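Each chain gets a letter, A, B, C and D, in the order it is written, and its residues are counted from 1.
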Amino acid sequence: MTAKIKRDTVIIDENTALEHVKDGMTIALGGFITTQHSMSMIRGIAKRGFKNLTVIGSLSPALDVDLLVGCGCVRRIVAAYVGAEAAAPMGPFFKKAAEKEEIDIWESDEIIIAAMLKATAFGLPFFPVRGGLGTDLPKLNPELKTFHDPINNEPLLAVPAMHIDIAFTHASKADQYGNTQYVGNSFIDSLMCRAADMTITTVEKIVSPEEIRRDPFKTEYQADLIVRAPFGAHPYSCHGFYMEDEEHLAEYATAAYSSIKGDQSSWESYRTKYIETPSDHLDYLEQIGIRKLFSLNEF
Amino acid sequence: MADYSVKELMACWLSRDLVDKESSAVGANFPIPRAAVLLAHFIHGPNMKITMGSFSVNLEGVNQVMTSKYFTDFRPVRWAESAANFSFDLFTFHKLDVFFISGIQIDAYGNTNLIGIPGNGKKFKFRGPGSIGTTTLAALARRYYIVTEHHTPRLFVEKCDYISALGFGDGAPDLRQRLCLPGKGPKYCVTPLCIFDFSPKTHRMRICSLHPGITLDQVMENTAFEPEIPDTIPETSPPKKMELDILRQRVDPEGLLR
Amino acid sequence: MTAKIKRDTVIIDENTALEHVKDGMTIALGGFITTQHSMSMIRGIAKRGFKNLTVIGSLSPALDVDLLVGCGCVRRIVAAYVGAEAAAPMGPFFKKAAEKEEIDIWESDEIIIAAMLKATAFGLPFFPVRGGLGTDLPKLNPELKTFHDPINNEPLLAVPAMHIDIAFTHASKADQYGNTQYVGNSFIDSLMCRAADMTITTVEKIVSPEEIRRDPFKTEYQADLIVRAPFGAHPYSCHGFYMEDEEHLAEYATAAYSSIKGDQSSWESYRTKYIETPSDHLDYLEQIGIRKLFSLNEF
Amino acid sequence: MADYSVKELMACWLSRDLVDKESSAVGANFPIPRAAVLLAHFIHGPNMKITMGSFSVNLEGVNQVMTSKYFTDFRPVRWAESAANFSFDLFTFHKLDVFFISGIQIDAYGNTNLIGIPGNGKKFKFRGPGSIGTTTLAALARRYYIVTEHHTPRLFVEKCDYISALGFGDGAPDLRQRLCLPGKGPKYCVTPLCIFDFSPKTHRMRICSLHPGITLDQVMENTAFEPEIPDTIPETSPPKKMELDILRQRVDPEGLLR
């Protein structure tokens, strides 16, 4: 009855996805602490050597952000914590770069970052919060402005919006049209995607549109681009799929700590093996090995 | 020789100050408060609103709880009644009853620092891990506890170099009211040596009790500020057998607090 | 090993639930337009003749709010629309009361009400929005204040928080501890419950805690009190259970329109039959009849 | 005798102005815009982001769509890819491309009134239904269309008694920029008699085309303000057979627009 028109698929490969990144961009990384970071994309960014990025971590990111600092990609960090808890209380490269003033830190706490994301997602110049009054955060981060509200004249902190070029998230599954669902918690990803100009999501599995429609209430957002990446959050966990690879996190932390103490050998070999040499994400997984990957199952 | 560790003492003592039906949140990698909350839940708080990571759980009928090394551990989902909605719940902490905070500096007025230490004309001679959620939660949660596994003069300072979580600021009696902060601030500071509370008049830390075997001199030597000292200082009430049994069998079977 | 302590159940009957309502309170009613209003509670409020209520409708409520106006319970209304679309484009009692200045209207649109709920839920004195600038809303509702933001000096509208005593919502199911889930959309209910001091939720079904835990990501909020009320949203729809009872809506609208035109007979008989005489919700359902109720199934 | 109704004409004309990949929302009980969006989706917009009530749907491969009398109709869930999250999505309308607005008054500068008419010293001689979502959406959506099933002098007034949704205010050229509103305002006003657009200089309504069989005099008699009138006024392009076929068979099988 009508000319055959077709809906577009948004699935692309990781190289094409990474062509959207440019030096100096502001990127937001989803997940939370040690789970669901889009590591295949983050390693891809590190490998390609992008520069002067502003990196918004997942409120409290893990060593995903530390890796980008260690690879020299970062000019400015928005994060309330950089570390992997028991596996590495602090990101070594983050710590050193902060102390050497090689990076700017947009000083904040998790809720202040979430407020910045809300302001951005809602198209508002700022979002008001109470936390931070009476602390040194406004001194360390002059973008946070104390003001008095127009209704009750109460003191509040205005958290400004921040333009975000790309959000990188890692989800359980998506269909070919970008509809994205999680087995577990999506943490701040939904808000991040609404705040960013573009969302690139790596997924454990691509599923049929019919599977997504089976429970449309589970759909968290519609990503602009989908990249298939099984074990895409490794060495972090992905709810419902695998847990943290603690050995790998320890290997990273050890290498990074020796690097900041002056011995570059183990960091160079880590970087060569896991970042520079693998041609793509699946090649990286080959380095990790099937036996290790399948040892990480939940429970 | 005590048949309990000081961490177990701290957890048991804290648990008694938690009240049934209250809501509490425990930050990442913070085993003593986590144990205190679960212990209170098992002993006298069946209606406490407990979070394990990003899940709201109720553990009635659960014999043994695994410990989580990571905040985002997915396994407590087995007991979850709901999952945190980051869009709402991160902004509703004025409804939270109880929170726990630590720091790389803790000062005489209960302010804490997780940001770092300046020096040599730089922002950071030493960069700390970051404020996590403490800045907002210290402002909003109805009360909070400062809990630390260490008690040293470098940690307990007269004034934090940077305040990341506001306790009572400079001790001005109405600071929190002037700032319209809904939270009442820190209630106790629990250390491996003693319990501090805060003088109602000055908001300055005051020795509340000394742990069994600890002397006042030991506390003073390890505290770089002068706390208020009452005329009589009781001993911190040690764990009861019932508390230790539940703690070791149900809350901390791996013995992280031993 | 320890003294037997038990968790409390929060299930109560509708009479006990309604004892929490007092004259002059501010109540918020969940649902959206023609779906999922807690009608058993709303009829109970009308029957008991509470006075001077401030009623926050579900952004755009239906004739649930109109019924409370018609029964003389309402002093002030917060609603962006009062009507039932095709079944009755406008609430008759609302229209008449507005024209006779018998009620105050907190003039707004849906997003401005949602902003008020956000401010309240987040413990903020106000929430900033752009919509409403250049319109007559601030003139009609002087609580809306124009201000300039502290970051970019852009004009914005400050929407104040509003203290809410009780939120009444209607959900698909809950367990005995108040954990509440929906088959369909929960619209604004989650936000309303976080804004109110107390939440009373009527449910189609009470289910086991185990059923709730089967999908904890579906839990929208924990209600303070749960009242069992099958067909509790009648004559409105409840997603996954039943559709609008259009005949009943027409019966209401006809009665209400004759009342505002001066003929009270059909309104009095409606009110007697459906509000005053039934001793409780199930007695109301007997008036509606099983045949009618089971004709309302979805699809 | 036309083989289509004026509502069908309006829907078909509107559908041609919608572009693939755009997002649109249609308010409650508003059949002409609803039909226009679905028609565009079937004809040239397979990637349009369509909402039916609170669901995001894509109807590729769907032969026939039921009409909904109520915004909250649950039945479109069968085609839903996601459901509106009221916590987020009500606040992100600056990302919405297309919206549709009606009113009890529509004025020369595209302002609309859903609130009411004052009189006799009272706020409301006549109370309207309320602003629904139009106040915010008129401010934020990238563009919107004013659509009305009636064209009378009481409806089309020089100045709304109350403005519930801002079009171009008093026509000042930079009003929306001064108010920092992201939306560009109304693009067209579609009535049963004609299409108006807005003069780029004055922002005043301008006759864009007259529906087949309608004269300029008919429009002027039914419009209480003086619209701008160009030298030549084309006829509104009528529905094509292909459009009517799809409209009647797939979008409006019940014939609500006939």
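Some observations on this one:
Definition applied: a residue touches a chain if its C-beta (ideal position, glycine included) is under 8 Å from a C-beta of that chain, and two chains touch if they have at least 3 such contacts.
Please read all numbers here as calculations on a predicted model, not as lab measurements.
Note on connectivity: the fewest chain-to-chain touch steps from chain A to chain D number 1. Between the Cα centres of chain A and chain C there is a gap of 39 Å. Averaging Cα coordinates per chain places chain B and chain D 57 Å apart. Rounded to whole angstrom, the centroid-to-centroid distance between chain C and chain D, based on C-alpha atoms, equals 29 Å.
Across the assembly, chain B contributes residues 55, 77, 83, 85, 87-88, 91, 94, 140, 182 that each touch 2 or more other chains.
Taken residue by residue, chain A touches two or more other chains at 123, 129-130, 154, 184-185, 190-191, 217, whereas all remaining positions touch fewer.
Chain contact topology: the protein chains form a complete graph, every chain touching every other one. Of all residues in chain B, only 28-29, 54-55, 69-75, 77, 83-84, 86-87, 90-91, 93-94, 115-116, 122-140, 162-166, 169, 175-176, 178-182 touch chain A in the complex they form. Those residues of chain B that touch chain D in the shared complex are 85, 87-88. Put simply, chain C touches chain D in their complex at residues 32-36, 60, 79-87, 89-90, 94-95, 98-99, 101, 107-112, 114-115, 129-137, 140, 154-155, 184-188, 190-191, 237, 239-240, 243-244, 246, 298-299.
On chain D, the positions that touch chain A within their shared complex are 42-44, 46-47, 49, 55-56, 58, 60, 77-83, 85, 88, 91-92, 94-95, 140, 182, 242, 245-246, 249. Residue ranges of chain C in contact with chain A, taken from their complex: 123-130, 145, 147, 149-152, 154, 156, 158, 160-161, 184-185, 217-218.
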